[in-house]
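Each of the next two complexes has chain A plus one other chain: chain B in the first, chain C in the second.
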Partner chain A sequence: MSNDARTQIRTFITTKFPDVTFSDEEDIFALGFVNSLFAMELVMFIEKAFGTRIPNEELHLGNFRSVALMADLVARQTSAAVG
Partner chain B sequence: MKAETRSAPAGLAEVRRFVDLEIAPHANTFERAERIPREVLSRVAELGLWAPFLPSEFGGEAMDMVTLGRVHEEVGRGCSSLRSLLTVHTMISASVHRWGDQAQQEKWLQALARGEKLGAFCLTEPDRSGSDATAEGTTAVRDQDGWILNGTKKWITGGQVADLFMVFASTGGGMSTFLVEADQPGVRVVPLPHVSGTTASMLAQIEFTGVRLEPSALLGPQGWAAGTVMTNALGLGRYSVACGAVGIIQAAIEACAAYTTARSAGGVPLRDLPHVRQMMSGMVTARDAGRLLCERAGALNDAGDPATIMATWVAKYHASKSAVQAAGDAVQIHGANGFSPDYPVARLYRDSKVTEVIEGSTQVQELTIAAEAYREVAQ
Partner chain C sequence: MTNVGVVGAGVMGTGVAQDLAQHGHSVVLVDNDPDALDAALARIELECRMSRMLGGPQVDAEAVLASITTGTSLELLAETEVVIENITENWDLKSALYAQLDVVCKADTVFVANTSAIPITKIAALTSRPDKVMGVHFMNPVPMKAACEFIPGYHTSEQTKDVVRALLDSVGKKSIPVNDAPGFVSNRVLMLTVNEAAFLVHEGVADAKTVDEVFRSCFGHPMGPLETADLIGVDTILYSVEVLYEQFNDSKYRPCPLLKKMTDAGLHGRKSGKGFYVYQSMG
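Let's turn to the complex of A and B:
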């Protein structure tokens, strides 16, 4: 799931911002292309693509800084839903 | 506000009748009085239109966004001030549903759905434009386990009659969102009269002086993620404004069709003049395009698709600019009568201009939409 999630999240971001290059661990907010609109798009994308609703306590910057952290968030939410 | 309850919100045909009989004929009177009568707000509640998108357990009917957009278009056709009240009430009701905890949802959603409590959205500040929404002037400082709120919000639609304010405030490490009841000590409502455009929307400045907030007043996540709360609410507001702007175009078409049918110039019915036909054709095309764009944005929202965000920007950009064009053409077609309070078109023009300013000005939208175009081409 985690690698698949990484791929999907990366694809979503690079489709929107094809000129930006970054690693899965890199802080995408530090690269300066994420504004509030795209942040909302990221939240909506994750919720739709992975069939989950991100709870308020998980909605903090630390969970969205990188592709890897977002994939970890997805793994936590989907495992919580299964469990 | 008490109203009859009903098991389902009104269908579109019923909403249309309501607008035709109880709203549109009186919209100029509402504008002159600078308020929507309480009885009209109660009728909106009777029809189940305050928050029909909420699930049934919270008093709604789980109405989809496409249908909600058509409802807001219809209301906007009759009176943009009333549509504005629906807009901000929608933003708050949806926010409490999306971000509220169980206690907040149980406390507020039924009352919001029934229109027993009216909501207002408090973001813009006197010294800071709504396009620069950092809410830095209003602060909420930790006090024991709660908060102390200080600051001033301006241009608050429905502020004169709202029971519940959704307030954005700086909390040190970023922004947070609070639910503040209008009757709390330290809350002062100052009406903003004589505003040109959506004049009956009961705008107010809301002053918060040492307002003590319980921990339960905090809505949703803090800091960075509070921007998501704001963006989500503004997106819904933008959608409602776009649909309302389509309603303004429809109202312009109806007013011009009636006027040019009844009136002649030089023995020729106005409706037969080519330049009138040209303007009418422009209105019809703009309305249809606007409606389609709104439907696309609404359908994407219903599907949870993030593309709804940009689709809503595009819909609102087109609809608001087209509404200004249509209402301006309607005034032109009416000649001197276009400036008269005996006709609706001057009000339509004033109201249309508001749609180009609120929930993302035309110029801010151009920055956003053009940036998307460059991204698309770069792919």
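Let's turn to the complex of A and C:
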């Protein structure tokens, strides 16, 4: 699930920013090619693509700084939904 | 707490309604399109949830939504103390609306035009209460912006200015007074800048990303003019440039054909999912 989530999230970002290269662990906000408004798009994408509603306490930039952190967030939400 | 009517559930009206509700005011949001009202409430809920993430305060989305009543009838505005109008930048639409507002609202209700370029004095002349009409040019996204242009019309009374200034103070907005003129200060400059940036793309001098990169990297602007156009709405940019052209009769305000084509094609920016850039839509 986590690898699948990483792939989907990475595809979403690279479709928007095809010229940028970054690792799954890199802070995409620190790299400077996205702004905070893109964070809102990331939230909308994740909620739609993975059929989850991210709780308020998880809605902070720290969870969206990298592909890996977003995939971890998705894993937490989906396991919480199952459990 | 003020009972405020907000007319027009587009980008600006939605932001104004959210900001007022976040600060404890009771809001009646009216639009003739029920789908626009549904979209506005969904947008407000998302914006409230996202507030802390975007550097704002923690916002209780449920409490904000509970402060907002929506509907398609202007009659819902009968008991409001202030009405903030945010409809499309189109003179025929504004003319029809203000005539109706003048009838359905109480005689002492203050009208605030959140217009992009149409002079406030011209709007006030549509009503029987020109002393109770003034302009406020809110910036987008409204809840995140700390200041706005404060534009009295020729007949606006001191009392009306006090009412509107107090309302703006209550939502933490600094009022910057400017005199009434087409486009005021901000849009007289900004709309021409965006229009000229669109011409650069139209003529193939640079693509949108490159134009914005120049403004970001060379001038240190947080956003370039075409990203800004997508945020405001490409259609709104076009209508505002057209108003400036009509008001001044000066060819320097001629709208870029690319803005017309994009508006016709529905490429209106963030709100439609595509403009100069592509976005994740809410649907």
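The criterion applied here is as follows: the second predicted complex is superposed on the first by the 83 of 83 C-alpha atoms of A that agree within 3 Å, B and C clash if a C-alpha of one lies under 4 Å from a C-alpha of the other, contacts with A are read in each partner's own complex, and residues count from 1 in each chain.
Everything below uses one rule, namely that contacts are C-beta pairs under 8 Å (C-beta built on N, C-alpha and C of every residue); 3 or more make two chains touch, one makes a residue touch a chain.
Computed from a predicted model, the values in this text were never measured in an experiment.
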Inset, instruction - Could you look at A:80 and tell me whether it touches chain B, chain C, both or neither (first, second, both, neither)? - result: neither
Legend entry - Contacts of A:60 with chain B and chain C, given as first, second, both or neither: both
Inset, instruction - In the overlay, answer first, second, both or neither for which of chain B and chain C A:18 touches. - result: first
Inset, instruction - Pick one for A:31: touches chain B only (first), chain C only (second), both, or neither. - result: neither
Inset, instruction - Name the residues of chain A shared by its contacts with chain B and its contacts with chain C. - result: 16, 36-37, 39-45, 48, 56, 59-61, 64
Legend entry - chain A-facing residues of chain C, complex: 46, 49-50, 52-55, 58, 222-223, 231, 270, 277-282
Legend entry - Complex contacts: residues of chain B adjacent to chain A: 99, 101, 220-221, 223-225, 227-228, 230-232, 235, 303-306, 308-310, 368, 375, 378-379
Inset, instruction - Quick one: which bits of chain A touch chain B in the complex? Just the residue numbers, please. - result: 15-19, 36-37, 39-45, 47-48, 56-57, 59-61, 64
Legend entry - Of all residues in chain A, those that touch chain C in their complex: 12, 16, 35-37, 39-45, 48, 56, 59-61, 64
